[in-house]
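This report refers to the structure that appears directly beneath it.
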């Protein structure tokens, strides 16, 4: 069965390592924070100028001067630091963030990503997404494998305006965990109960299946 | 009084000299750390044809959104917009020109403007609509595009504390674009919650040295919250 | 212990992995805010063929000058050198290659290296020997030259206080190039006078976020003064 | 008679205005700080990262962590701020400093300045001088009018490697205050007791003399 939003977040959280500085985008990526394994520590970077984002505040703790990139009120963890937007993107662009997780509309076999604009419909802007995809070495894109109408979002060529070119190597959808290399998708894992055939069916770009494809494990 | 005393006592004085068709750089991220009262003064003045440089454009009826109903903004350079209906209407109808700029590139353009760097290369935006018409060049085998600095006729900034000489301290994530905007205005106007005497701020803890600040005014702030998100107490 | 704990307990550990022919970026201005003990460790290790990036090169027998007698440095990128005799001798004899770089350009090259900006334009050095071989270009009718970023295999940094996570606070003008060097090392090693627990430094007052720091060591410092200049008491 | 070093500094100090941020180079420029008129305030920028340099410290106040660009121990004035070297040169390069005073070996009629290197003899480096001359609009160069051997330092073309090209508009020597415009030196003032003929004699580049040339005034 297709993964829930929480399950996608949970699977991504398995990629976290102790001591990782992580930037989580808006939407499903934000949920990853709820599934950080108990035995490791990660620090969350919020591109509006906070490293070491804590939990949401209690009513009493709410501070209008302390928000995350999604404009939500937050708190700071011990060891947090505050900086301006140029410094924040110096970190991001300079490749200092260990893992970036963000959503997308489309990804293609060449690692291109489209995530910020649907011409004529949605033109809110790229925010920090273009800097994040250009600056990070280690990115996981989370999205549904196909649209509600069954149209694949894993394409041979992105159709929407790009957010970044050739920068995506890993995609986690509600159906599969996929690696991108040498111009092809490679199936690494499938969601529990989802068949390889279903994934092939909903993947428009070339998909390589090598050997037995394991199911994702959730403990 | 000292020639370094930047304090002014009215918003009229704070924004004196702002005229139609000028470029204004504004600090703030969403509604956090925005120069609320300086924006209200611009609305009050009725200045038109403005080019606004700001990460966002406020919401309906608050922040930079206040400048939309009277169509005071003719162009905005921002990374993320459309949190308000009037903005979208003006953008779709072509009344408002929007230059979408990646957030990090926007921050760096402001810093560069203040720092006498006319242009810099970045990988951000390569192969995207942002790269159109821009110089491209390889360094160490990777493609980069050339982005130019931004300088404003005015910069409007919100800080937490200041001394009379314009040395600024920001509070938490209300810092964001404010220190960068402060460096990039030909005239930089700052509003703060508290003004102290020179010598009362620790020189090691000043975020923006007063050399960048031309005018300073003390005020109170509504600090509207866009996404009030809480957890239950005791968790 | 947390994966963010950057504290190491020996200088050997602090400089582990440094090998011949690497590039080291060092903080400090003159002898102020230099990573004294990390430099001594490099002397002790005997690493050779180093490219040093630092505003100055110490004095005879102190600071980076310590690396001269055994000819550990093969090239230095600096803005102002020659405060010591051995340096001049090696430079004149060609044993030591010196790339003189304007101080502001040097600072900006380090910042750019840390910030993923591969190159930037500056008016500094136009029409001078510094411009030789560099791309020149006009913006708004003025000439600028293109300067490239610097990244080091190691950065060695001196801060005042740190928490275990590597968040740094500098003291007075001992800050200088240190925060920039910290961002531009593939491995950034910092020595400090005091280490506190995470949460003990005010997040608004941290100069360098721990994300840039790989290793942290506590030590004591001689802090030699180059030009002790005083006025009589009571004046 | 030719001005003393102190008198040169004193004449430069007359150019200061209340509220000026000023960078004073090493040597004679440093002396300018001793002649700041009592009724105005200026803030001294030291390019190693200090705005608001105070007096030299007493023995008790000496702090190895607080020096100026000449590596001398200093103190901080009320309202001082500390910053890193990139920020310091952002101020300088960005044109935020109101007045820069620095020494030179040679200046020419095109506003070129040579101040940092004598090939084969002096190769200590330019320090912050190239940034200062490129970044400032308002620069006063202080130097002796001629070398000890009577060779003019105000030339039609600099002979030494340049520190900056076309950036100098004002020169104050021990003999004269000179403006540079449209490819010529223009004599503004002469040192008390120094004749126009003496100045012409020691000025190699084209020198324009218009009307009566007043003597400098020292109060």
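By letter and in written order, the chains are A, B, C and D; residue numbering begins at 1 in each of them.
Methods note: a contact is a pair of C-beta atoms (placed from the backbone, for glycine too) under 8 Å apart; a residue touches a chain by one contact, two chains touch by 3 or more.
Here the structure is a predicted model, which is why all the values come from computation and not from measurement.
J.: Listed by label, which chains are in contact with chain C and with chain D?
T.: A chain counts here if it touches both chain C and chain D, which gives B.
J.: Where centres are the averaged C-alpha coordinates, which chain has the largest centre distance to chain C?
T.: A
J.: Determine which of the two chain pairs, A-B or B-D, is joined by the larger number of C-beta pairs in contact.
T.: Between A-B and B-D, the larger count of C-beta pairs in contact belongs to A-B.
J.: Please tell me the distance, in whole Å, between the geometric centres of chain B and chain C computed from their C-alpha atoms.
T.: Averaging C-alpha atoms per chain gives centres 32 Å apart.
J.: Once you find the CA centre of chain A and the CA centre of chain B, what distance in Å lies between them?
T.: The answer is 29 Å.
J.: So the centre of each chain is just the mean of its C-alpha atoms; given that, what is the distance between chain B and chain D in Å?
T.: About 36 Å, centre to centre.
J.: Taking each chain's centre as the mean of its CA atoms, how far is chain A from chain D in angstrom?
T.: That gives a centre separation of 55 Å.
J.: Which chain B residues reach two or more other chains?
T.: 108, 111, 115-117, 122-123, 170-172, 175, 203-204
J.: Listing for chain A: what residues touch at least two other chains?
T.: 50, 76, 82-83, 86, 89, 92-93, 135
J.: If you connect every pair of chains that touch, what shape comes out? Choose line, ring, star, complete or other.
T.: Topology of touching chains reads as other, fitting no named class.
J.: Let me know each pair of chains that touch one another.
T.: Every pair of chains in contact is listed here: A-B, A-C, B-C, B-D, C-D.
J.: Spell out the part of chain C that touches chain B in their complex, as residue ranges.
T.: Against chain B, chain C makes touches at 108, 112, 115-123, 139-140, 142, 144, 148, 169-172, 175, 203-205.
J.: Which residues, counting only chain D, touch chain C once they are in their complex?
T.: 46-50, 55-68, 70-74, 76, 82-86, 88-89, 92-93, 112, 117, 123-131, 134-135, 161-166
J.: Going by the contact rule at the top, pick out the chain A residues touching chain C in the complex.
T.: 17-21, 40-41, 43, 45, 50-52, 76, 78-83, 86-87, 89-97, 135
J.: Once bound in the complex, which stretches of chain C touch chain D?
T.: Interface residues on chain C, with respect to chain D: 29-33, 55, 78-83, 91, 98, 100, 102-108, 110-111, 122-130, 160, 170-180, 207, 223-235.
J.: Show me the residue ranges of chain B that touch chain D in the complex, using the header's touch definition.
T.: Interface residues on chain B, with respect to chain D: 2-4, 111, 113-117, 163-165, 167, 183, 197-199, 203-204, 206, 209-212.
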